[in-house]
Amino acid sequence: MCVYDANAHMTITLLLFASYADALGASALTVELPRDSTVGDVLTAIRSRRGADRLPPSPLVAVNQRYAALSRVVQEGDEVAIIPPVAGG
Amino acid sequence: MCVYDANAHMTITLLLFASYADALGASALTVELPRDSTVGDVLTAIRSRRGADRLPPSPLVAVNQRYAALSRVVQEGDEVAIIPPVAGG
Amino acid sequence: MTPLASLVREPIDSLAVIRAVSTPANGAVLLFLGAVRQVNDGRDVTGIDYAAYEAMAQRELEAIVDEAVAAFGTADVAVVHRLGALAVEEVSVAIAVGHPHRDTAYALSRWVIEALKRRVPIWKREHYTDGTREWVDPTGHVGAGAPT
Amino acid sequence: MTPLASLVREPIDSLAVIRAVSTPANGAVLLFLGAVRQVNDGRDVTGIDYAAYEAMAQRELEAIVDEAVAAFGTADVAVVHRLGALAVEEVSVAIAVGHPHRDTAYALSRWVIEALKRRVPIWKREHYTDGTREWVDPTGHVGAGAPT
């Protein structure tokens, strides 16, 4: 029997910028995931969206405004972002 | 018999700057020299002046506002200068 | 002086950036200005939009300045990056550093601009004379931009 | 822009020097400022007199700019050196260069200041807090200056 357990899930906000925001038609997405999911899992969860094929396989990511690894475990309330190739200066 | 021949001599203006001007107490000296003298000869001609011992043996020199060798032959009217170690910037 | 790291939407005041690093101890002050070029990769540019992940960009700029201060032994580092729509020849970034000696000033200035270009989440969308616009990808991949 | 090389007796206008090298082609502009330091070789400095063999200094500055323009492939080089009495923190020299790319801008800026320090007949007499003053000899020999 499969019972949905709200406590075993969490809500993650994923921020998108520049070309990635254009590709997915949004600057932020909300993703529902099991607890103990990684940043990589967040990315996998949005791969089926229209335009997601324009993201690279392993984009740069940040958690709470710091660069992070795709293996980084995320927690409820974390601010996760996909960072397109930077072009400041 | 030794006759003074004005045509065989020339007048050179020697410019002095900064510490060299202080050492010799003048910013310009007039030197009378035989024709075909070199910059080195100009320097030799002022070595007996008070304060000239504070000049180095082979200072930097310029002729007509360009760096020159001590062996450079000078001509009547040339502007000869002794250049102390430069310290611009 | 206090190290300075900021994002602005108005034209950058270069003199103010210089003043932030000028002290009686600094014999050398170096100001780097990055400006919008009319031609980039052979295409005629009419202007650039600079966008940022602002909270993170601010944090990264501050981290770069802190690291520079620690590594180069001077507190006199100032970085200002502009965001928004810039015209050709307008200044997008100003980096001023001050140090007693010029050797270190040059090395420090260079370190800061390279770190900024590598780490700070800022993006630019070039507008071209043919009416198209495109996000610039310095890694050389095809941009996701399209004519609009 | 026309390359600029000048000697002035008034405070240097840094913005004007920057403007002299800013063009739509130049993605990088670098401004080097040399300033009077309060402490030099461990001695407390109250100010500096800059003196020059003016005609030759002007000629050498122009030669340096011409050589830089030829060697680095940009016309956007501006050098202004101040003469006369300067207080601590005042700017004695401003060198601005512009280039499409920052690599060359840094190399060019450095080349110009090193050439200036090596070749241009300018001298400086430091004034110290104990009332003495002395011509600075960067070659390290004892100066010919004396208390006055």
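Residue numbering begins at 1 within each chain, and the chains themselves are lettered A, B, C and D in the order written.
As a convention for this text, a contact is a pair of C-beta atoms (placed from the backbone, for glycine too) under 8 Å apart; a residue touches a chain by one contact, two chains touch by 3 or more.
Just so it is clear, the model here is predicted, and its values are computed rather than measured.
Ranked by separation of Cα centres from chain D, the top chain is A.
Work out the mean CA point of chain B and of chain D, and you get 28 Å between them. Chain centres here are Cα averages; for chain C and chain D they lie 25 Å apart.
Measuring from the averaged C-alpha position of chain B to that of chain C gives a distance of 52 Å.
Looking at chain C, one finds that residues 34, 113 touch two or more other chains.
By the document's touch criterion, interfaces exist between A-C, B-D, C-D.
Put simply, chain C touches chain A in their complex at residues 34, 50-53, 55-57, 59, 81, 92-93, 113, 116-125, 135-139, 141, 143-146. Per the touch definition, chain B reaches chain D in the complex via residues 15, 17-20, 22-23, 54, 56, 62, 65-67, 81, 83-89.
Partner chain D is touched in their complex by these residues of chain C: 14-15, 18, 22-39, 88-89, 91, 100, 102, 105-106, 109-110, 113.
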